[in-house]
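Okay, so subunit A shows up in both of these, paired with subunit B first and subunit C after.
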Partner chain A sequence: MDTLTLALLATLSPLPAFFVALVLLNNRPSMAQAVAIFGTALALLGSVGLLLQGPTEPLRFAWFSSGQIHLQFGFLLDGMSLMFGVAVALITLCVMIYSLGYMAADPGRARYFAMLSLFAWAMLSFVYAVDLLQSFIFWELVGLASFFLIGFWYEKPEASAAARKAFLMTRIGDVGLFIGILMILPLTNNFDLPALLDPDTGLVKLAGPALSTITLLIFMGIVGKSAQFPLHTWLPDAMEGPTPVSALLHSATMVAAGVYLMARLHPLFMAAPDTLHIVLAVAAFTALLSATIAMVATDIKKVLAYSSISQLGFMLMGLAAGSLFAGVFHLITHAVFKALLFLCSGVYIHHFATNDMREIGRRGGRSLGATTLGLAIGAGALAGLPPLAGFFSKEEIFAALGHEGSTLFYIAALIAAFLTAYYTARMFFLIALPDEVVKEHHDDSHHGSPQPIVMLAPIALLAIGAVGLGFFGAAIAAQLGLVPAHHEIASMLPAVGVVILGMALAYFDYGRTAAPRRGFIAAVPALHALFVNKWYIDEFYRAVFVRLNDALSALFFAIESRFFDDGFDQVGHSAIRAGSGASRLQNGWVQFYAGATMFFVGLAALYIGLR
Partner chain B sequence: MPILSSILLVPILTLCLLLLMPARAVSAIRWLCALSGLAASALSLKLFFAYDSLAGGLQFSEHVSWVEGVGISYHVAADGFGTVLILLNSLVYFTGVLTMWDLGHRVKEYFVFMVLLVIGVYGVFMSQDLFFLFFFYEIAVVPMYPLILVWGSGNKDYAAMKLMVFLLAGSALLFPGLLAIYHEAGMQTFDMVALATHSFDAEFQVFCYPFIYLGFGVLAGMFPFHGWSPTGHVAAPSAVSMLHAGVLMKLGAFGVLAVGMRLLPAGAVYWAPTFSVLAAIGIIYGAFVAMRQSDFKFVIGFSSVSHMGVVLLGLNLATLGKAGADALNGAVFQMFAHGVMTALFFSTVGFIYDRAHSKTLADFGGLGSQMPRAVSLFIIAGLCGAGLPGLASFWPELLVFLAALETYPIIGVAIIGGLVLTAVYILRVFALAFYGPPNPRWEGLRTQDMRGMQLLPRAILVAVLVFFGFYPNAMLNTINQTTAALLGRF
Partner chain C sequence: MTLESYLALGLALFSLGLVAALSQRNLIAVLIGIELMMNAASLNFMAFNRYVVEDPAVGQVFVLIIIGLAAAEVAIFLSIILRLYRQRREIDSEHITTLKG
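Up next, the complex of A and B:
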């Protein structure tokens, strides 16, 4: 097939599936499911076909012309988009198949599958976009699909609030991104990515404060989308959506979009060292902040959510330290093992109807053997245990940080990696090695198997990826047109050391038979409270920004009703008063008319006489 | 076939037929109006495609002298802007008739006034003669009064009166302004094409422009003379709100464009900074006030103040700076996009109101599971209002933001930040009325969700929003040349 057909197949095929599932098959969920899966499968075929064809020239079509601006939309088919496109389509398909089991009893699943298709379409179109504005459009649509999926159970007030929060927090970032993008336009009159990134004629030449401003504004959008401090608070709340949605949101779509955008624009960022410092600082702080919260959370999805925030910080650190490969590699491995972890957690949640890791453990979480094996692999990969995928990609980030000579950030990353190993192992131990197991009798007749094949197959596939993907680093680097640096064993030691240390500490706290089952941090109650309360950031926002917004809208509302509305009424009333006052002159009283006439004639006479 | 006169003639003939029909022939009246809307839409589409966008300029000109002594003539022609707005009017006319399909109260009289309003709007968009422009303008404005008073709801006497007072005050400014233009030119003609060749004295332009801008601006809902608009929206019946917010407010902006900016360019440049600031305040102000409203229609009403602020800002920025083409394209595109979007808003809210007899947000809650289709349509309109890409409003906002950033960076940053405010008030409506646990009071509505023919008008509007959202060139190609020509005057 020719490239255009493949590209259209890869991006557009979920769109008709979305429409058909939502509008035509809303009352026939099983058909809607089939249509949605078919659409995404086609997209996967298309993206694999594109990958096999290898990088080619971008395809472009006229799209928008106004004044000096002429924009083209199309497909950018370089190594990065080809690779990531396959990852997106594959993970989305896994999640859809898994959802066949997870959502089997939900009456609204036609809408659910339609929204997943919308998600796939928006994300794939974002990945292949050739034009920065085109990227922005689908970036926003990815956000829209997240909004609908996070709020999928919109009858629950928490879900509705979480969806709203996600939309607003990312939108705050998007304001910056939008301004940044619009600032580019007068300089170039187009948004064509290859042209913008051209080392000789592109924006890189601009350098200086202008480029720093633009990249910083773009980074604001990334902070929102990839849930970095201070806009990260929406992501943990987004857990209100169905668990497979979380798997998708945290791996290959939504939050990945931010990192992907930074990877796309990497040459621009590299030309703006001021911005890079800020990115490094924000990402390192976020990685630490969210790791501390994850180590005290008891809700399995919250642990995973904060770990996503932390790992996204790692990716951005890698990119900001100058290594495109490190960032993209970790983005891809993380997508696989994080999807795996969420899908595993979904099995427990589906079966035990609780998110609390301690309860899952006590009620026999480990009896779901295949899932627990998947959890172990995913946890190992997340912790960075060799030779699982996460180890290799995290290693690249450490290497990049080490090369940069930024000791401070290197140490911050080491601490964050230590905490990651700690909370990941803690999660695993709480589920797999509980202090006691309460046997409970399960009535399987109405529940079905706890691990149906449609749920296990995606888990198995992702587990294979989480084990093996690390060895494909060289191939991934080659796709990006880079040669991976060779790392000495000695340089890996600190990172491996902190991972082992973290896991050992978690075993000491939670795993061993006589474990106290409370974290070491509980020894410092103030810190423990700070972490449990998520550093009081939500409270701070509520107290300051929400209140400020309420006050301003109250002020404007008062102006509208008191000044404009009442003012208008006053004008009307005075007109009426003036009219009724004037009408008193016409009282039909002949004597009054005669008197008034004589008065005014007298006045006129006086005036003439005195002149 | 003179296409513009044909378009104008469709509603005029409809009106004549309506007047001859017995009031009890309700069904025939509805069908007549629907067919008339369909015919007008078909003709407008034909106009849209027949308009030679590469050539640009005024096309399909028809000229008949009328009162030669003072130089009044029936002169209609369409440029890119007129073409687009005529299409908008047809669209809102047709979908508006379908929206009012279930009306039972004084059906004949209702449609008489509505068709009269439509005639006026068509007339304004195609007139090239100042006299006829003003004549049609008044024809479009006056039927609002009976329409709100008789078929409205809530505080309708007050709303109708307030609307009339504001709009007639606007006309009172406008009329002397128009006469002054006629007098100052001294050409003994009301023909705008001829008047446009006269270069007016700069001082006169500076003096006269505010009359035109404020006179028309009132109708466009300009801050601080917007007060009539939300009140009027709320009290008016659905299709009247659709026409009112969808096309009538655009008459104001179009008047500024076709009379003020075309005939008095130096005046427009002189006043642009002042009016830009007012428009920007309107954008932010409307969004904040919308945030605290407790009534569906008031939220939309104030969102219109905010969105029309984008149009007015675009018009003013067009006269300044090098991004003028973007600003003007954005303003005209926004007129169209906002028209379709508010039509969808009011059409849907009207549907819900007709069944629930409430427009108070707090009365609802969880309506999403009871009327999923109606709610989905409202959500689409809401997302369009929030400037979501993929829906038509995104492009004009982009263009105006771009121009604002270049001309007045502070205003640009402020109004782009306003996107967050828009999202806040739109999402607030969703959260209050549509999400959350379903309210048992509305369980009866489950069986009354939109179906069949009721979906048609809304589906048309959604399709238009999505089409222009993904293919902006369909709009921009039509207006680009006209924009360039108008900018040549500055």
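Up next, the complex of A and C:
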């Protein structure tokens, strides 16, 4: 097949599945599932076909031209988009198959699969977009799919509130992104990505305050989408959605769209050192902040959500430190092992109907052997244990940070990696090594098998990825057109050291027999309270922005109701009063009319006579 | 006899008619007042015709038309009054205010 057919197959095939599943098959969930999975499988075929063809020239189609401005749609088929496209399609397909088991009892699953198809279409189109404006359109559509899926159980007030919050918080960043994109237009007259990034004729030659402003505004959008401080608070709340959705959108692919955009525009960011410093600072702070919260959370999905925020911070640090390869490599490995972790957590949640790790452990979480093995692999990869995938990609980030020469950020990343190893191991120990296991005689009949094959197969596939993907670093670098640097064993030692230290500490706190089962941080109650309460950031936002907004709304409401509403009411009322006053003249008494007529005729006669 | 004396008589007739038409509550009295005012106007026409205009025919034509008009008007007015009386058993203008706003 030719490239265009493959590209259309890869991006467009989930779209009809979305319409068909949502409109025609809304009452036939099993057929809707089949259609959605078929659509995504076609997309996977298309993207694999594209990857096998290898990078080619972008395909461009004119959208419209106005004066000197030329807008277009098309497909950018370089190594990065081909790779990420396959990753997105593969993980989406895994999650859809997994959802067959996870959502089996949900009456609304036709809508669920339709929304997943909508997401697949938007995300794949975003990945392959050749035009920055096209990217932005699909970026927003991805956000829309996220909104629908977070609020999938809309009858739960928390879920619909979380959906609104996610939509609004990301919108704050997107305003900046949109302004940034629009600022590019007068400079280039088009949004063609290869042209923008051209080292000789592109935006790079602009360098200076203008480029810094543009990249900073674009970074605002990335902060919103990739849940970086200070807009990160929507992501933990987004865990109200179904667990497979959290796996797909809120850890593996959608939140990574921000990182992907930065990777796409990497040359621009590299030409704006001021922005890079800010990105580094924000990302490092976010990585630390969210790792500390993950350290004390008891809800398994919250741990994974904060961990996602932290790992996204790592990716951005890698990119900002100048290594495109480090960021993209970690993006891909993280997508695989974090999706794996979420899918494993979904099995526990599905079976035990609780999100509390202690509860899962106590009720025999480790009895689900295959899932616990998957959890172990995912946790090891996330912690950065050699030779799992996370180790290699994190190593690249450390190398980039060390190479960049900023000791402060290198140390911050080390601490974050230490905390990552700690909270990951804590999560695993809480589930797999509880101090006591309560035997339950619960009725399995309505659940069926606790680990149906449709749920285990994606876990197995992703687990293989989490184990093996680390060894494909060179291939990924080659796809990006880069040569990976060779690292000395000695330079890896600090990173491996903190990982082992973190896991050992977690074992000391939670794993060993007679472990205290409380984190070392509990020794400092003030810090513990700070972390448990998520640094009071939500409270701060509520106290400042929400109240400010409420006050403004009240003010505007008062102005509207008192001034405009009452004012126009008064105009109406006075017209009515004038009318009823004047109507009193019409008293129905004929002689009164005749007298009035004579009076005015007399006046007129007098006027004429005296003139 | 001068023009002024005719006009004075016309004015007197008109004023009496006006007062009657505006002050009387009985609709028949009102009708009589209106007839008086019309006759005052006719008298003025004839007086001006006699003293001011050479051709005597002009004023007479007007007066004949007024007389014809007055006859028609009386017929309509009286029939209205009759209808009113049959419906309400009274013809007091103060009580006939159905078209009040």
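Simple rule for what comes next: the second predicted complex is superposed on the first by the 562 of 611 C-alpha atoms of A that agree within 3 Å, B and C clash if a C-alpha of one lies under 4 Å from a C-alpha of the other, contacts with A are read in each partner's own complex, and residues count from 1 in each chain.
Just so we're on the same page, a contact is a pair of C-beta atoms (placed from the backbone, for glycine too) under 8 Å apart; a residue touches a chain by one contact, two chains touch by 3 or more.
All values reported here derive from a predicted model rather than from experimental measurement.
Visitor: When the two structures are overlaid on chain A, which partner does A:A161 contact: first (subunit B), second (subunit C), both, or neither?
Guide: After superposition on chain A, A:A161 lies in contact with subunit B alone.
Visitor: Mind working out whether A:N587 is in touch with subunit B, subunit C, both or neither, as first, second, both or neither?
Guide: second
Visitor: May I ask you to decide whether A:D174 touches subunit B, subunit C, both, or neither, giving the answer as first, second, both or neither?
Guide: First partner only.
Visitor: Should A:G151 be classified as contacting the first partner (subunit B), the second (subunit C), both, or neither?
Guide: Once the two structures are laid over each other on A, A:G151 reaches subunit B alone.
Visitor: Now for A:S491: first (subunit B), second (subunit C), both, or neither, which partner does it touch?
Guide: neither
Visitor: If we overlay the two complexes on their shared chain A, which of subunit B and subunit C does A:T597 touch? Say first, second, both or neither.
Guide: In the superposed model, A:T597 contacts neither subunit B nor subunit C.
Visitor: Comparing subunit C with subunit B, which touches more residues belonging to subunit A?
Guide: Tallying touched residues of subunit A, the top partner is B.
Visitor: If we count contacts the way the header does, which residues on subunit C are in touch with subunit A in the complex?
Guide: The touching residues are 18, 21-22, 30, 93-94, 96-101.
Visitor: Within their complex, state which residues of subunit B touch subunit A.
Guide: For subunit B paired with subunit A, touching residues are 162, 165, 224, 226-227, 285, 288-289, 291-292, 323-326, 329-330, 366, 368-369, 383, 388-390, 394-395, 398-399, 401-402, 405-406, 412-413, 416-417, 419-420, 423-424, 427, 430-431, 434-438, 471-473, 476-477, 480, 483.
Visitor: In their shared complex, at which residues does subunit A touch subunit C?
Guide: Against subunit C, the touching part of subunit A is residues 583-591, 594-595, 598.
Visitor: Could you pull out which subunit A residues touch subunit B in their complex?
Guide: So the residues of subunit A in touch with subunit B come to 62-69, 133, 136-138, 140-141, 144, 151, 154-157, 159-161, 163-164, 167-168, 171-172, 174-175, 178-179, 182-183, 185-186, 549, 552-557, 560, 564-565, 568, 572.
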